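Here the chain labels run A, B, C and D in written order, and each chain numbers its own residues starting at 1.
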Amino acid sequence: MKKHLLNVTSNIEIARNIFEMKLTGPGVGSMTTPGQFLHVSVGNHSSKLLRRPLSICDVDLDREEVTLLYRAQGEGTKQLSQKSAGEIVDVLGPLGNGFELAENDHNRKALLIGGGIGVPPLYYLGKHLKSKGIEVTFILGYQSIEDSFYIEKFNEIGETIVTTVDGSLGIKGFVTDAMMNVMNDEPIIYSVGPAIMLKAVEERAGGLRGYLSLEERMGCGIGACFACVCPTETRESGYVKICSDGPVFKMGEVVL
Amino acid sequence: MKKHLLNVTSNIEIARNIFEMKLTGPGVGSMTTPGQFLHVSVGNHSSKLLRRPLSICDVDLDREEVTLLYRAQGEGTKQLSQKSAGEIVDVLGPLGNGFELAENDHNRKALLIGGGIGVPPLYYLGKHLKSKGIEVTFILGYQSIEDSFYIEKFNEIGETIVTTVDGSLGIKGFVTDAMMNVMNDEPIIYSVGPAIMLKAVEERAGGLRGYLSLEERMGCGIGACFACVCPTETRESGYVKICSDGPVFKMGEVVL
Amino acid sequence: MSRLHVSLPGLNMKNPILPASGCFGFGKEYAKWYDLSVLGGITIKAATLEGRFGNPTPRVAETESGMLNAIGLQNPGVQKILENEIPALQPFNIPILANIAGSTEEEYIEVTRQISSSPQVSAVELNISCPNVKEGGIQFGTHYRSAANLTRKVKAVSEKPVYVKLSPNVSNIVEMAQAVEEAGADGLSMINTLVGMKLDWRTGNPILGNKTGGLSGPAIKPVAIRMIYEVSQKVSLPIIGMGGVSTAEDVLEMMSAGASAVAVGTANFVNPYVCPEIIEQLPKLLDEIGVENISEMTGRSTKQWKTPLSSR
Amino acid sequence: MSRLHVSLPGLNMKNPILPASGCFGFGKEYAKWYDLSVLGGITIKAATLEGRFGNPTPRVAETESGMLNAIGLQNPGVQKILENEIPALQPFNIPILANIAGSTEEEYIEVTRQISSSPQVSAVELNISCPNVKEGGIQFGTHYRSAANLTRKVKAVSEKPVYVKLSPNVSNIVEMAQAVEEAGADGLSMINTLVGMKLDWRTGNPILGNKTGGLSGPAIKPVAIRMIYEVSQKVSLPIIGMGGVSTAEDVLEMMSAGASAVAVGTANFVNPYVCPEIIEQLPKLLDEIGVENISEMTGRSTKQWKTPLSSR
């Protein structure tokens, strides 16, 4: 847990409003767990105070380079999208607890399900799982073909099923509509996306084991301000903090 | 009076904390009167809302290029100093009433007196006066040699006397300490600097005619908000607005 | 009728945007920048009975996402405003909201009497919230009985609808709003500036000649939104919302909170074209959210939540 | 004695900087970032009698140069705080200011009784200004008689000096300060957050689960400076200043206005190292203006102007 000043090596629009930002610096060496996030400052001298939590999408340890994929939607991410190569980005991280593999998960197949801007962390996770010999299948849900990204790259790791809401690419519908056909081998499920999608995934998963990565608006990003709590019935306190206890939780651990 | 988006062509530190910024764009064509100023926005997405009034220091109409000289002291000018070539600066202008020559001023010599960051507009003014065949003498006051700038360039226009508070360059003291020796020909006086200096210049000038350019914190910069008033006994209203009635006034016109 | 049209007592506006009082002079300066007839209306600078010189300079200071001002109600007095300033606005043919200030009840009453009788003035805005003058102003605006009394007396002489401009520097804005509603106000303007201050850390001295000043700009928008939201649920008067608005999105946010029209102040200094730019942008945003008429935006938030805030 | 040393009732601080309540948890998270023993002190998160879960999410929203929060005083309850949280701060050996909240007078009293008896707690901070809970909090903080009564009762049971944390959401902050001074407070903390709100312009819905929240950050600094300036001239209690401080310059500005120590809240989220960085910077700034001891800064502005503001 450190503050790093990273150098932008590239920041390009890879799909409608979706940017791929590559950052380099010594701090990258610590970013080795998929599912962790960086708390990113969007501007100096700026009126935007709060950092933006963005998932680690890929890390190249040799080049000391971390990749973030983000949607420029609000003012902060739009500012971020203006940064060009050579500029500095101030990040905290890696933060949170990423995806971990329990011992008995090692022999099983994995099904990685991501919706929209929940997709990025699955890339780094997929690479990790594959390197451990686990067979990986992805279900990636987008609004439409214009919003889709990184499909080729996911395909290099494992079978990649795409859904779009408008049917312009892959299966028309939601990620859950594509789940049934790929659950026969009882894969471990890893899912990232909006709460409503995670809830649907959890239901559709039946009794399968898996991990969910949650989103919530954050203040500190490190567990101090209690902005990002989520109710749970599995802990005495009655809540978890998404930034520091999560963002990854076991399926069933929190109340969605 | 227009809003212009000008392109930075260069922005370099020419003395301690003093920056020379060159801007280009079609709007420059209208910036032909010395003593007028630009109301400069220091940042977009920034928490600094107010524009900074900066005097036109030089204009090259052929290249459509305007030069500003400014001291990076507060947050806003520091932000401005970060801009690099190719970036955009949003300015309003030219604003205010610059220096004008009355008919009977044409045969006389001119004494241009500037203190610190009041120096810049005298450069463009000096050039104008010289082009009209008027003999120009400058008195430029700085804190010390490290804070001095543009002396060579002023020397090309006319005799340039320098004063520094610490005596590290030229005459030790204030601009008023250098005035006596150059007032024999009863020059027209043009002076720009802090109110306290202008007051001293006015006193020292005895009965000589002249023009003073005033400074005050501004809101709108165009005469609408009444932030920048200065008392006067020569107008019925009892005040002038520095941004729109000035910044240049006849000596004696306002109460300093 | 245009989809941006809004109608408030005395103010028949082709769009909900008008410059805020004190940030636009009497219009003539900005008229050099664009054709004022595009505006929904114009709020002119505060008028007092006699001319006032105002406060010592510096009168403005910059703060993070905001500014402080302590102009001190400088103006040439109601007579000269009626003679020189208001007639100059005739060609633009837009509603004029005349801001009124004073040191005493009598002054407010007399200024209202005079200015409201001008056929060019559409409505008056009772400024009981100026933080920058020693007498009058905010002292009426922070005690609800004084505010109600003044409103009643001004209403009695005014030939035009009266909007009362509320101060945010109060413990209970709803109480203030209800008091002036009961006293007969035709509408509310809110919010005026928050009282603030800035010191030069090097010397310890206040930046402003008047020491304290009024805080405006985006910094205060959350306070404005909250107050408009709360008040709109408890009074039935139309609200002219203001405080930190600088984009068309801000306008829709403020209307959602409960405003029927929106005034833009500080943002004019940042960008002199801000009002026409907002007006141009509004229809695009309405398209984006599928709303036909902008008047439907007013109080959308509270409508959605149905029960008033206070009973939750 | 270091030149940054300041001394307030119960708080013997090696420098005037402490994190503000609610922005630093109980310290343990930031202890992973730096050694907390560099701090002048620490204000811990509000304690209530029973554990509280707080408000629905989202609990934070961003505003221009500020943020809104509506955490809702989530905390594990005073007992657990005394058992688990406070002991963990022992190694840092810095004064602990314990923030206290409640829904009723009885709750405040009981929490104070328990927490002030901990030998580790140096002083208590009575939070009568939380805008994010339905009961207690701000309702005590906007009526000066309730505030005074509560202060008196809490003082009666407290084994440690009592700082009353004032709400800025009042018409007359000086009156509040005087009321709690008379009731026996040992010091003041000011300011808490301004009540604000943000709506999503697309839907019209409030961003925060609680709808309204408390506005903090640089946006509110001018309000904080003004209130501290005014209050410091009218009461003789030491003031812990806060509201938008994020640089060493801000600290000196706030001390000039009248604060004896300065708490840093929101800025911790922007930069977790902000407190140690400010502490390191302070001596350099003092050198720049030729001031030996930082305690000389307190009230420099009002000293300079000599006569109190109100009589001018």
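The working rule: a contact is a pair of C-beta atoms (placed from the backbone, for glycine too) under 8 Å apart; a residue touches a chain by one contact, two chains touch by 3 or more.
Just so we're on the same page, UniProt names per chain: A, B = Dihydroorotate dehydrogenase B (NAD(+)), electron transfer subunit; C, D = Dihydroorotate dehydrogenase.
Nothing here was measured: the structure is a model prediction, and the numbers come from that model.
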{"item": "Chains touching both subunit B and subunit C", "value": "A, D"}
{"item": "Cα-centroid distance, subunit C relative to subunit D, in whole angstrom", "value": "33"}
{"item": "Computed distance of Cα centres, subunit D from subunit B, in Å", "value": "46"}
{"item": "Centre-of-Cα separation between subunit B and subunit A, whole angstrom", "value": "55"}
{"item": "Of all residues in subunit C, the ones touching two or more other chains", "value": "64-66, 217-218"}
{"item": "Junction residues of subunit A - those touching two or more other chains", "value": "47-48"}
{"item": "Pairwise touch network: line, ring, star, complete, or other", "value": "complete"}
{"item": "For the subunit A and subunit C complex, residues of the former touching the latter", "value": "47"}
{"item": "Subunit D to subunit B touching residues, read off their complex", "value": "64-65, 218"}
{"item": "Residue ranges of subunit D in contact with subunit A within the complex", "value": "22-25, 29-30, 32-33, 45, 51, 53-54, 57-62, 64-67, 69, 71, 74, 76, 217-218, 266, 268-273"}
{"item": "Complex interface listing, subunit B residues touching subunit A", "value": "43, 45-48, 75, 79"}
{"item": "Touching residues on subunit D, where the partner in the complex is subunit C", "value": "63-66, 68, 142-143, 169-172, 194-206, 211-212, 215, 217-223, 225-226, 229, 244, 249-250, 252-253, 256-257, 285, 288-289, 297, 300-301, 303-305, 309"}
